[in-house]
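So, here's a batch of structures to check.
Each of the two complexes below includes subunit A, the first together with subunit B, the second together with subunit C.
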Partner chain A sequence: MSVSKRSTIIVEHLRKQQMMDAISKGKRLDGRDFNEQRPLEIELDVVKKANGSARVRLGDSEVIAGVKVETGEPFEGLENKGALIVSAEVLPTASPHVEPGPPDEETVELARVVDRGVRESEMVDLDKLVLVPGKIVYTIFVDCSVINADGNLFDATSYATVSALLSAKLPVLEMQNDKVVDTGKTQPMPVTTVPISITAVRIGDAVILDPSAEEEACMDARITITTSEAGFCALQKGYTGAFTIEQIKKAAETARIKGEEIRAKIKELTKYGQ
Partner chain B sequence: MTQTRNLIDENGKRTDGRTINEMRPVKIIVGNIKNADGSAYIEFGKNKIVAAVYGPREVHPKHLALPDRCVLRCRYHMSPFSTDTRKNPAPSRREVEISKVMREALEPALMLEDYPRAAIDVFVEVLQSDGGSRCAGITAASVALADAGINMRDIVAACAAGKVDDKIVLDINDTEDKEGGADMPVAYMPRLDQITLMQLDGKLAPEQFNECLDKAVEGCKMVYEIQRQALMQKYFGNETEVKEEQ
Partner chain C sequence: MACGELVMQEIRRRYVLPGDKIAEGNYRPLMNVIRTGNAVIATRIGIAETGRDGVKVIPLSGIYIPRVNDLVIGKIVDHTSLSWEVDINSCFSAHLPAQDVFGRDFSPARDDMSKHLAIGDMITARIVAFDRTRDPMLTVQDRDLGKIPRGELLKISATRVPRLIGKRGSMIQTIEQATQTRVLIGQNGVVVVTGRNPEGIKQAVKAIRMVEEEAHTANLTQRIKVLLNVPETPQEAQANSAVTTPKPQDQPVQDTMEEVEEELEAESEK
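After this line comes the complex of A and B, so read on.
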């Protein structure tokens, strides 16, 4: 059951007042513009045991994503497609407010929203990941671990997932005498597009991009919009406030423009297509 | 998901015979559960959903209570027999997410500050599912909350729009959800002109995005009228008709 609760991070009254004052003057407490994201750093191949991995820092939020490739049965109804599963976990290392245990609803939402962006954009060409049609397919797991949480885990996790997939080396598997054999060779992941999520929150009447944890503690509503080269592919409104139709249309436009910038940056950092 | 077959025929009719701007038939009955403080039953196409509201009442366990407002607790659940293949009754990750977005869709409409230290429980049970069950569930829950006499700023109406055969259509059904190009569920408060739930999965070209959103909002406004009529029917019965005639 989903229960309304107070923010786990307590922002002092005075601090919130400072934030509201700054926002009314078009500024943010860390000096950023409303449409300015925090610095994005991407490090690849941080885990050699994985088929692909990435460490992403978005400001002080830090996420590691690892790709593991296995084989298995296809999903029901998708017999001639490989399987791709993105999951996410907020580790107890991430903040004093996280306890070990089964994922809470926020973590379930995080994993499902990131998964939706990758799935609906058809980033990975799953038709190319079939070994025996209807029987054996590649199963690709992307597991994300949030190491440090300082707001906007949606985008940080999404960028980590995309970067890990772009840089992953897919083992070339073959069928020999009804058995799956690893040839020892690798190939690039069959990627068709690069989905980029952009998250904005509304605080009062202002809509600001890439919220920090402190800003999230003061937010009224949140929206995450994922675009691919072709256009929009996923969206999730969250939190207990509402948006006007105009605010959403404007956020969608911003998500497209900012998405282009981040996509170019991630392609460059992962040397994708080079 | 890329579409593999056409879902709109040459006459512009969809798989269930509707046009692109047509909503499935909607029927709402208010107060169907006698024990609940407020309740509603909705048929939205083939969706059959009951919503019950209990509260405001004491919070158990007490540590969940908030000093300045009421906690809203929401459960969206699908009965094992509601789907083609039996659904495991344990809450799935999908249901966890929908319970959350449903709560967040209803909260902006409720004056929770009027009931500090209390809880309002909303239970939504899908008896038969037909695509768009979260929208139908929110629509029913909102009516049930009004029936329970909870102070509200507005009624939340929900409806989806989506893309089928590269056309933007109103109110996606199950087949269109599974095989179509995009699904955009939206919950909207017509009086306040605000969106309280919005999701999208599937591809939309930039110019289709606004069209799809506008269409979903239009659908919400139609649903709102049906919600109002259902509430009027329970509380004023045929009196309203008489008044309107005069």
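After this line comes the complex of A and C, so read on.
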């Protein structure tokens, strides 16, 4: 739970000027190119008691995601599907701009955008997670905790969620005399595709990928595009500014190309499809 | 006794951790130490110094704690109708009264504060008041104080500031002269580098970063000179050529101690 004031970070005018000067020369303050992401590190099975977990470091942003499998009633209108819920929180130790308390708009948005990417790509085959149709289904919780916030939490949390789901072991449950019984066996999560989100922000006329906290504090507009192997599956435009159509087309193309790279990396690490 | 003197020498300066006993006896606790019974105990990680006037610890890490008369570089983060709130890179947030800028006839209704100092502006200021009952209060009424119009901004740990200044300003003068820049250092660890030549600014930033990272190591001024291609003075060349034998393993600590002396001197000059 957190009351975050991340959007109220004030960047010094001198620093912003430096950033704009660098951007006008085609570079960023940390020396990256516009389309260059920070180094991505993924560690699996970091939480031993969870059914699956991952720790992701994207530059200095750090997120831990844990998967917990339980049983419950299906959602109304989706009686023949399992339930999947992604939640996120930014810990007060993640940044000086986060306070303890109920989640604020930004954190709610973070959880929703990550959830949407996983849900709309149909990453987890929810049809296979039904025990008694209309009555008892698998309920999968993915809880994400942001340990350190240095920008682009959307992508870091998304990669953590996807990696945790891919590495998760689903307990094999059976119905015996109207009761759910754990057989003690496990099976891999029924995954159909690997969704990857790519976030770009506009600062002045430049569209840059994977913004740091400082860059986010200077941004005019933000867009998060999620692709699966089948194509585009989710999109979230944030902040007050706008993009031109060309900028969106370019961002979408970049999201596709960069998405392929990250997908290959996560697949290799989690041995998905091997 | 020679042996006793030697022991005294060793006790004079050494690395300590919080909780380490520095000295026993009738010593006056000066800085970053507490007195428990007859013992003086360190409260921070750093170098303990036992002098005639008392015992203190020069911290090697930590945040900036404001002190009256310190020159700081701060960021305007907000303003009320009567004062600006200034982020001085500390756990305390400072206040700059509007009267300090507008004069005594300041009127919140008439004067537009954000025209003078907007949110995000950087200022050089001096701390005029700070104690346990009030947050630091700043002034910009002095020569060279006020808004900083341009420059490259960087932050270093506040504990590295005396090292960056060097003995009688030697380190910073070396950097300024070699890179043709002007380096403004706040005691709170905020540094602004200005200059005409962007390459010079880049070099200066590199040197400052090196000072920050290697503040605890020996021969730093010399290495900064090598980094910035500063030619050696004849005296230095002579001194360096005299040292031909390789130094033993524990020598760096000795050197660091010498440099800490420089640091102390810089501190007391301040």
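The rule we apply is simple: the second predicted complex is superposed on the first by the 267 of 274 C-alpha atoms of A that agree within 3 Å, B and C clash if a C-alpha of one lies under 4 Å from a C-alpha of the other, contacts with A are read in each partner's own complex, and residues count from 1 in each chain.
Convention: a residue touches a chain if its C-beta (ideal position, glycine included) is under 8 Å from a C-beta of that chain, and two chains touch if they have at least 3 such contacts.
All figures in this text were calculated on a predicted structure; none of them were measured in a lab.
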Going by the contact rule set out at the top, does A:T93 touch subunit B (first), subunit C (second), both, or neither?
neither
Taking the superposition as given, does A:N80 touch the first partner, subunit B, the second, subunit C, both, or neither?
neither
First, second, both or neither for A:I248, with subunit B first and subunit C second:
first
Who does A:Q187 touch here: subunit B (first), subunit C (second), both, or neither?
neither
Let me test your reading of the model: by the given contact rule, A:S24 touches which partner, first (subunit B), second (subunit C), both or neither?
neither
Could you list which residues of subunit A make contact with subunit B in one structure and with subunit C in the other?
none
With touch defined as at the start, can you tell me which subunit B residues reach subunit A in the complex?
1-2, 64, 66, 69, 71-75, 93-94, 96-97, 99-104, 107-108, 112, 121, 184, 189, 192-206, 208-210, 213-214, 217
Spell out the part of subunit A that touches subunit B in their complex, as residue ranges.
1-6, 105-106, 108-109, 111-112, 116, 119-122, 223, 228, 230-245, 248-249, 252, 256
So in the complex, which bits of subunit C are touching subunit A?
75, 77, 87, 118-122, 148, 150-153, 192
Quick check: in the complex, which residue numbers of subunit A touch subunit C?
10-18
